[in-house]
Amino acid sequence: MTESISNPQIDEIDPNEPVLTVENLEVEYPIIGGLFMRKVGTVRAVRGVSFELYPNETLGIVGESGCGKTTIAKAILNLVKTSGGSIRYRNEEIQNQLSKKRRIRQKIQMVFQDPDASLNPRMKIVDIIGEPLKNLLGIKDKVELRQRVLELMTQVSLKAEHLDRYPHEFSGGQKQRIVIAKALACNPDVIVLDEPTSALDVSVQAQILNLLQELQEKLHLAYIFITHDLSVIHHIGHRIGVMYLGKFVETGNIEDIFYNNQHPYTQALLSARPAVSKSELQEKIILEGEIPSPSNPPSGCSFHPRCQAKMLPECNKKEPEETALSESHHIWCWQFGRDEI
Amino acid sequence: MEDIKITNLEAKLYRPEPFGKQMSEITKKYLGFLFVPGMKSRELERRHEMLTRFKSKRRFITKLNNPLTIFGFFIIFIVVTWAVFAPLITVFDYDIEITGIAEGITPWSAPNYLHPLGVSKFGRDVLARLIWGARSSLTMGLFSIIISVTLGTLLGIFSSYQGGIIDNLIMRMVDIIMAFPGLIIVIILISILSTSMQTILLTYGILGIPGYTRLIRGTALQEKNKTYVEAAKVAGANDLKIMFKHILPNCLAPIIVAFTFDIGGIILSLAGLSFLGFSDSSLVEWGTDINYARNHIYDAPWAAFTPGFGILLTVLAFMLVGDGLRDALDPRLQGRK
Amino acid sequence: MSLIKYTIRRIIALIPILLGVMFLTFWLAQLMPSDPWTLMAGEHMTDARKIYIEDQKQKWGYYDPILTQFLIYMKNLFSGDWGNTIAVLPKDTPVWDIISVKFPKTFEITILSVSIATVVGIFAGIFSAVHRNQWSDTIIRFFALVGVAIPVFWLGMILQFIFAVKLGWLDATGYQGIQYITYKPDITGLRLLDSFIKGDFDVFKDTVLHLIMPVFALSFISVAGITRQTRSSMLEVLELDYIRTARAKGCSEHQVIYKHAWRNAQITTITIVTLSFAGLLGGAVLTETTFALNGMGMMTIDAINKQDYFLINASVFLMTIIFVLANLITDILYGVVDPRIRY
Amino acid sequence: MIEVQKNTTNSDNSNTEEKELLLKVKDLKTYFYTEEGVVKAVDGVSFTINKNEILGLVGETGCGKSVTALSLLRLVRSPGKIISGQIEFEGINLIDLPENQMLHYRGNTITMIFQDPMNSLNPVMKVGDQLAEVYLLHQKEYLKEELAKARQENSILKEKLKQMKSDLKNASEEGAETLKVQINALKRKVKGRITLKDIAYRESSQLLDRIGLPNADSLINRYPHELSGGMRQRIMIAMGLACNSKLLICDEPTTALDVTIQAQILDMIRELKNRLHNSVLFITHSLGVIFELCDRVAVMYSGNIVEYGTVEDIFENPQHPYTKGLLAAIPKVTPESRKNKLAIIKGMVPNLIYPPSGCRFHPRCPHAMKVCQEIRPDLIPLNNAVQVACHLYDKDKSDPDLYRPLTNEERLEATI
């Protein structure tokens, strides 16, 4: 009944082969309303997002609340239903069917934003970390389970006496370690980290970030790191996608996004980040207005009502297309795409 | 990262310690600073660590420790004792209490030393009926509530987790049943079926299901949207496991509170039912007694007051305990007092 | 605007419930062991009687399947014909005539009890919440629990024993003194109101004296629920962030409680008030029995005992409609009080 | 619109001494009496706020910064209690004031903004009602004057209207047309009866206008749940500024908001402060926000202030090991910062029921000495503006036993 723990076909790592490919991902939520509480419309939370994830790398997805970054994570993990596009794990289509494929479920794991909420308060730590072992690897023997859990806990610097405690007895940082240990349980290839440090204090955040880096080096993990904090992604990321209202507006590596950014939104986002030293201080770009509701996005480029660059005639008519500034650096903005049309 | 790493050997050998050993550890840690001079400040920290480990239990117990709740527990203890040991406590047998006591005793006579609480219809001893009555009240209350709780919880969790049409259907049924005037519908059902104890018990049990379904559904809906449920899905848990291993344990607090309250509630409405004359005549029941004694408050008030007092105290006890439990379990009230 | 839409939505949601309840009651009443037509027949039947019964059978669709019968019943119901009594006296009177006499009686007691209970309960609840864990709070909580736990019929009997038997101040049972037995409240059906309007203050006083005990018993019980609900929702609200904002604004404790907290705590109190009103209206059976007040409750029990098919149906329908209406009013009041609900 | 950041924040620090004192907090202690024990949330905190400056209070979760803020207004609720200390506001000790006089300060001279704008506004009251309430509470006199004025104006208008109506009867056809238009215009202006609440509403709408919120008129008729988070926070700020308060306490006002909205709000606070010349106590856990906004900063750790001075001094040259660690733990956006691992502070924030003896930071401190375990350090002034509570800067370090580093074993004990 139980599937074998190590699948030789999966365990071989080819660094140039993407471990996860997402193409034109679309996620829609219905809007319920009206007299009869029927579906009256849809929110397009994610609108055609594509990326590839390679082993040993961290892909950062940055954006403000409501831009759909968490939805992408949930779509990959099959926690929400997608309405279009494709998600492939090493060339195997997993969109909307990850729950049925235990073999791949093991390989893609997730760390949630709030460590407090992502641990079942009524379960002991050993049961929490042991859950994927039981469900996905089919380990039933209690002693073996404790053994494996303990190994995992040592990996994230938790102590043996923590094994039989309940989550509320831990601090925020420790809870996040527990969550990470749980994610590591089945030797995953991909871990989706949904704002893993935003609920934590700075000093604890540093501990967790270092731990994540160490684990990546040791276990050759690929991370999708979702955050709103640019300095965190600058520290830990390799490639970055900046999202606004369900779409990427600019993607590139650290160099491209932080030191050669072109999109007005990326620029505003970077300048809004509070600096902590004189060398980081820069001119503030204060964006006006609020992020529009995804249920009623502006026409054309969704950023145009807040954009501070010169408005072009296309801006409020057509959605901008992808323009490659370099091999790694892509942008969705009419300021760049226009010349080539 | 952390200073202490566990050696592999330790890891392999680690097993939960037996309880006795744990306790001795605790005493050592609690009281160590008494024996070793100059250890105090660091001992305090250790002590705190031990405290946090037992914090949840401790907090729960201290929260229950208020005079009203203790009073409630005390009465429940007495009533349960009566119900269980009734034959040992009273000299009058159950059968005698049903048929009436031998000749020579005037019905409705005042308390005397043989009948400390007086005598009612057919020369029955009031005290004995009070004690026997605890048995039937508790049994009926408990059994019908267990039916309601079990089925109601199952339906509630299932309904909330499935959502969609199934949920809608179940909830409409619940709405319909809950819209009936309760006591009237019980009486109608009983007059259709029979007034035997089993019928009454089942009727109450089944009519109680919707209340629990609604209660559990509300809590479960909140729990269902919490991140740990998603985390469980990521960890490969299937629907059954999520429903019963993850969601159910987190919905227990309101169930326990409602359970305690409703035992009281059911005893109360059963009494009302027997007061109206719809009861199993082969049972000794407080409500029935009041019904018999109704027209004798002029000449034998004791016959009506005693069983009423029994009902009041028993129901009150369950309510007091339920109230205490709610304060102790309610997460919204957690952390303050 | 949105409030109207919200109200319409609530009404639509209530229709299936009402229909479901009606059908179930209808079906249950049919399941009752005796057949209304046999009961109607009696032992010695005249030919006229036979024809009358046959007429009735035709009229109510006796020979049709149950669903058709139900539809016929509903049709008659909406055209105002609720059937005639079968066994309850006076026989063969339209059910509606009986109900229109009994209903105001119950309504009068209920509305009095609930109004008193609401006022007392809300203040006791707020007081209790504000003085949380002080001795006054403990006493209020204890009495509230006693109110929930006490059997209402027993409370009634104790009142009777003290005030009627021992002190002799009040009559133990009944609606009126023997001298006013013929008095007919013919304006609204509410005895207190009618006698007051007509200026019959003797009758008014007599009625008040008779109603004191049942109203006290009933309101004691509803006060308990309202107090508890108000207390717990006040406690909850008082911990919220905007209460802190109100304090930081410089509101005095009194303003914080009555202007900010109470408005928000109302929402749950509304539910318990409307529902206890509906509950008492339908379930004052026990009190009515204790005090021999011949209202809806006693009538329904009588009808069930005598298996008076049409009367049972009619009274259960009425009670359900009241319950459903109370729910509707609660929902609408929710929308009025809390703008977040009517999205 | 690209706005150059006004560096006024850091520019006029040099003349701090000349500034007038507004608030002086001395040795404030606020404890919470819970079932588990006494939580010493604020344990001897002292600081001052001058007129026309922004003081930042920074620290991690559970260090007692919010409790400090609530203590200033005496809003700490049971089981919390202010044990001792002085809060001198313009020379008056707020701790001793009776409650009814304290009400006069709350929301009037000292105002407070809270973290979560979603829950900090009353959901069942219109925005306008909540703003008007502040005026009704604290500026009744002014409102009454305005009311009298408005009523007078209104009655004049009414007279005029009457006059015009009577004119209309005997006006020529041409004149009647124009008169009708005039009458209709006037009718819109004239109100039946003006109440105090109307005036308060008017003031509120003007206030929203003043602080630069668009559509103030429609805004005041809305409920909080209809507004976005940033908007709600702006309403909160407006509420705080309604009475030209002298001290605005901001308790993490931007934590729940997005970065771009945070930038808007910070900009607004900075600008309003420059315009109104009030003082701000800004509480946050984000060092970046402090750096960009504040003049001076107090770093809190576990109920104590460990370092206190101008933002420039502390960020450029932190003295306390905790401040150093905190600054080093923040990932920076510079090309070279990526190469190194982040520095971390070992261990975790201590429990406030059983805080460590001596210096509360010593179990996590890399420089911990024996003395740190035994004696709690006081804030001592270093080079003029900066004050540090750390034994490393003790003048007399002659006792070799006290000033030796902790052994590994002692350290281990302390970290359990």
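Things worth noting here:
Each chain carries a letter (A, B, C and D) given by its place in the written order, and its residues are counted from 1.
Convention: a contact is a pair of C-beta atoms (placed from the backbone, for glycine too) under 8 Å apart; a residue touches a chain by one contact, two chains touch by 3 or more.
The structure displayed is predicted, hence computed values, not measured ones.
Common neighbours of chain B and chain D, listed by label, are A, C.
Of all chains, the one whose CA centroid is most distant from that of chain A is C.
Contact tally for B-C versus C-D: the pair with more C-beta pairs in contact is B-C. Centres computed as Cα averages put chain B at a distance of 29 Å from chain C. Per-chain CA centroids place chain C at a distance of 53 Å from chain D.
Remark: chain A and chain B have CA centroids separated by 46 Å (rounded to whole angstrom).
Distance from the chain A centre to the chain D centre is 34 Å, each centre being the mean of its Cα atoms.
Taken residue by residue, chain D touches two or more other chains at 344, whereas all remaining positions touch fewer. Listed for chain B are residues 1-2, 4, 52, 55, 336-337, each touching two or more other chains. Listed for chain C are no residues, as none touches two or more other chains.
Every residue of chain D that touches chain A in the complex is listed here, in rising order: 1-5, 60-61, 228, 230-231, 258-264, 266-267, 285-289, 291-292, 315-316, 325-327, 329-335, 337-338, 341-345, 348-349.
Every residue of chain C that touches chain D in the complex is listed here, in rising order: 240-242, 244-252, 259-260, 263-264, 337-340.
Taken in their complex, chain B has these residues touching chain A: 1-2, 4-6, 10-12, 14-16, 52-53, 55-56, 226-228, 230-238, 241, 246, 249-250. Taken together, the chain C residues at the contact with chain B in this complex read 16-18, 20-21, 24-25, 28-29, 31-33, 133, 138, 141-142, 145-146, 148-154, 157-158, 160-161, 165, 235-236, 239, 279, 282-283, 285-286, 289-290, 300-301, 304-305, 307, 312, 315-316, 319-320, 323-324, 327. Across the complex, chain A meets chain B through its residues 74, 77-79, 99, 102, 105-106, 109-110, 112-114, 117-123, 131-132, 135-136, 146-147, 150-151, 154, 157, 159-160, 163-166, 168-169, 179, 182-183, 185, 207, 210-211.
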